[in-house]
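Look for chain A in each of the two complexes below; its partner is chain B in the first and chain C in the second.
Up next, the complex of A and B:
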């Protein structure tokens, strides 16, 4: 915001807090997101201390991130649905259906019925993923069509979907769990075989840092071209340094996990190098795993779609004022239908992760996940009144909820108590948020 | 201003709109010339807003014909109307509250970069330019319009209409929610746009809002046009009589008019 730094500069603040606040405003960091980030760190540090310094370790953090990834990926789509004044209660069942579809496709249908691709073909994962995405988009398209064009409320349509798709899961597999999927597909679940390895992780981190710097420079140049007020240089450098630092730290953390000795020995053999026996356990870093790469990719793409594409703009405009969107000549029905198709595709990605992790699919996969996804979006600042919500907020929301669950489980708190805490946190978080908005939304935006 | 020899900028012929069995607009014909301000007045439910919603593409007519520059045109939705340079400032303003001014000005007609992504810089820059003309005090280009004052919101709605080279402008109760200073601003703007050759439909339920600005005034009553009069041939009382009685001034009983005045 150009406004806040302008007013702050115009009237030099006397007190230190005021000066700090204006400095913070100059960085143009989203206050809400920053607050959630702080909350996440506080939760993790709190449990770290309570557990006697055991919680925060590379292995635990990787597990936590992988567990949160599916819900977080789906929450990015749920944001757009809730922003446009709808709801999708069927996402858990969608994950169930698509997961079972992956499993049945890979164990039965593709190899046995069609004979394609040949068993063990490296193409298997991409064929299966493509078909799964297709199923997700079709499910979303069907529900979206009924909601947008026929005008049945989304709550009703997706409640029906929740029930019906769960039934489809049973029909697909004739009531049995299906295991033993293609090994190439298992990489989606992460783990030793689903990670990039040390060198690629560093490469990815460096590309990320370059992208951050490029983006900052591009934005600054754009602003200068149009003669808008620039962010102070110190703020640009600080943001760039912190963002790159976080990226490199995450890469470092991911590389603190190593392949288990057995796998490491095999890898050494493949590469034709000799590794001393006692170095085997620390020779090959695992690096960042596929679920996390998918999550990062989805977050970036969805943020771009939400903020920099016409489609995203229309979703927010519709949420803010449906009549205005209509009068502006926006094809609002098609826009709404697309939000549900996108949601279906994201469910397919989340389903790929869970199928990869479990090496198969069970009947109850994804049950009640719709509630976690909605909770993540709402804790992340998405408003049911429509028009308000951010993608990164929802991802952070998913991590906040998952960190709580993980921390409590880590402390040995029984699962019913975990549910109680999760429920209370959900209500308190949203309550605080709406209280904060009512109290000073306008004033805070004015940067004072 | 009205030149009978010229082709009207826009002409609506025998327009009918029915909601269920109610004829909201019942066979109305109206025309508008370049650089002319046509006041459209009438009581609540007289059908003036519905008639204009037909022209702006927000509501389909059941029957009737619309001509722009003498050519018959089809207006099925607001995009069709905008393609014909018919812009509308709705009574409700029709702003997306959660989006900043540039996003609202360009809503549905976003500027994009060569890669197809939104060009927010270009949109903000263009919005700053048009606002500089309309309301130089306007400075909030980054905040959602919900945090703006009534006058500023009105400015955003007007900017949206005039930025895209409107030739025909429909203003539905443009000053209903404004204070005196802002009302004066809108009046100045109407005069300026008129001098640029834009044809303007000015809708109001209150004749005093539009009388001074209008070249001609059409009065609607129960879905029909009671009469169209020239501004310099009538008084506000004549028009008031038409609004209330639904009759041309010469038909109305003199005593009745006297009692209203």
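Up next, the complex of A and C:
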């Protein structure tokens, strides 16, 4: 007999499963999200066993996270778009065109044509990033305007965008790959030169821990002030401890990866310290890399926007019932346009990561990525019917898809077979969720 | 009295019909006179085709009085079929076909043969005895790639990064060339171990980068080093370099083909060991010249590359006339097989001398590289040497 979720009062029951279930309900963890987290762990453990105990290691998990970061960042924006009953098929081409724009700006246009900033200037990455964000927002705004104010279906508009922007990539570079970008900008791509280092990583982790605790305390106080039912104290402590533990564990894992010997020697020179030869490879921990920081930051901001800001609530309201939202006085058209502008900005961030990783841009960057992003959002629980979907779910969905791809590549499975597996998992994941929803189980609270 | 609605309906119907008639008559009108060459590309997104092959093909055709029309199938075989039909219905006299998928292209071939249009299989083989196969010696490219890498790394752990699994070049010809250079023999003798072997969908750089990162992680987990990487082409090699850099590894001898700008820059900087250069400019010219001759009614076996059209280093081994070629499928096709040129740091001058790239473009990233090529550093010291006499002249005044 399932307890209705959300009630903190645990009814005394003699059977352990019922007590466990009510205890679980008391923590108010989203069952669906938790289920997906379990699925991700199962996939990783499965590959770990199949590969003979080699897959799960700090270095590999960092590689996986960096590879997933771009798709995950874009998936957070895709959630809002799908929730509001639209679709954006052009995100792959947006990444392609913004990436090529970054490369051309930094290698040619800014230093040679405009004359500012010069190559090697510390301002270069800021100007380039700013321009890229501007381009993304403009593209998103253009598509959003046509969709929201002129009324063309989003499928059609963004399909046109997919074709058109891919063509613009070619115009920018005549199909050639453009490499050799600003070294500070390259940090966006992670790797040895794009990581924070050991000390900053620990500092960030401690700040994160404190923030989690502060958030829990603040939420509890708000609930008391407004007369809502409180979570049992043991649940709050448990959640806080587990979350803190995870953050510290991630930091520890990130610090298990060290600068390779050549770079370590250079770092030692810069710092003016002497490091014995055999210690070079374990002297400077790399720490967490920028793509992961960007991903965490974007997830936090997007979750906040989706759940605690008017804009986010308007998006979910519109998705739940467009006519009612309109009649309630929400400026629905401006809200829709903003979802596409936000998507464009997120594409610009993802493009920065891709360009940093590749040290440039190629003609085919982002091709077919729109399908992966939509799959991530959908696997994460976003429904095409609208009104339902969570940001953390989409990020988990992206990680599920990427862990499959990475795990299969790690084990040397040919890439066509990878595609088969990805397709099957996508259908199974979404199918399970639909079946579960139909049964009436699981939590349907939108926008957690 | 006809109502307004009816009048509009009749008018629009008339417009549609007349447009159709005009187009057909235009197509018919195009049939006599100039040589109409229709080209079906498969992937303009790869730098090479649109930047090198097309302009030269187009220029050669138009210089000979022909017209040039093309479509891009965007990696879609069905789209290529449609493109071929459109070109033939539009009055093409000769069809140049860069097959997206060699098996699916057979259907497009039949469409052309039914219309009596001769077909040039451009760069990629189509298993049919009636095509004219114009390509660089793709097996020779593989052989050149492997020869260079095997010379640098005669034994050790190799990673194989191949291209799109549907492309015969990736799955058959290039690996055949690798084996001709001795790769399989060395594997059998135990001198070379393959620690990674992956295809790359659509020859995509990002996919190659992700696959290479996974292979590096797997090798690290097994505690084996990666001593050499055979990448089939430049777009995949670019992804491999990015993966090596992301993992903070030193350069590993790496192959590629196509002579893409970014990759030649990597050769100059020391990140890529060899780039097998197929001067695609020349390939386009040969296809253009062959198309013009086919229009005039010359039989395929009698086609000849005009004198002075292309450089000597590129000319087929058997001379300027078309020669038969035995395909893996047992067909014998008429062919022009041009010669590729492996480019390492030792002969980068060829790139500059043929105006493929300027010296500045070639050396753009060399200074930051792990081992810049002499041609880039020598340029700098030559500038200093030429400045010195002026300085001493000023000082003496």
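Going forward, the second predicted complex is superposed on the first by the 429 of 448 C-alpha atoms of A that agree within 3 Å, B and C clash if a C-alpha of one lies under 4 Å from a C-alpha of the other, contacts with A are read in each partner's own complex, and residues count from 1 in each chain.
FYI, a contact is a pair of C-beta atoms (placed from the backbone, for glycine too) under 8 Å apart; a residue touches a chain by one contact, two chains touch by 3 or more.
What you are looking at is a predicted structure, and each value in this text was computed from that prediction instead of being measured.
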Joint occupancy of chain A by chain B and chain C, clash or fit: fit
Partner chain in contact with A:397 - chain B first, chain C second, else both or neither: neither
Which partner, chain B or chain C, touches more chain A residues: C
Touched partner set for A:327, first chain B, second chain C, both or neither: first
First (chain B), second (chain C), both or neither touched by A:380: neither
Contacts of A:313 with chain B and chain C, given as first, second, both or neither: first
Partner chain(s) touched by A:414 [first = chain B, second = chain C, both, neither]: second
Chain B versus chain C as contact partner of A:178, first or second or both or neither: second
First, second, both or neither for A:132, with chain B first and chain C second: neither
Geometry of the superposed three-chain model: angle at chain A (Cα centres of chain B and chain C, steps of 10 degrees): 120
First (chain B), second (chain C), both or neither touched by A:67: second
Distance in angstrom between the closest Cα atoms of chain C and chain B, superposition on A: 19
Shared contact residues on chain A - chain B and chain C: none
Touching residues on chain B, where the partner in the complex is chain A: 56-58, 77-79, 82, 88, 90, 92, 94-99, 103-104, 107-110, 112, 116-118, 120-122, 124-125, 139-144, 147
Interface residues, chain C side, partner chain A - complex: 44-51, 165, 196-207, 209-211, 213-215, 217-218, 220-222, 235, 238-239, 242, 245-250, 260-262, 265-266, 364-365, 368
Residues of chain A defined as touching chain C within the complex: 51, 54-55, 57, 59-60, 63, 66-67, 166, 170, 174-180, 189-192, 259-260, 262-263, 354, 357-360, 362-367, 405-406, 409-412, 414-416, 419
List of chain A residues in touch with chain B within their complex: 1-3, 222-223, 225-228, 304, 307-310, 313-314, 316-321, 323-330, 387-388, 442, 445-446
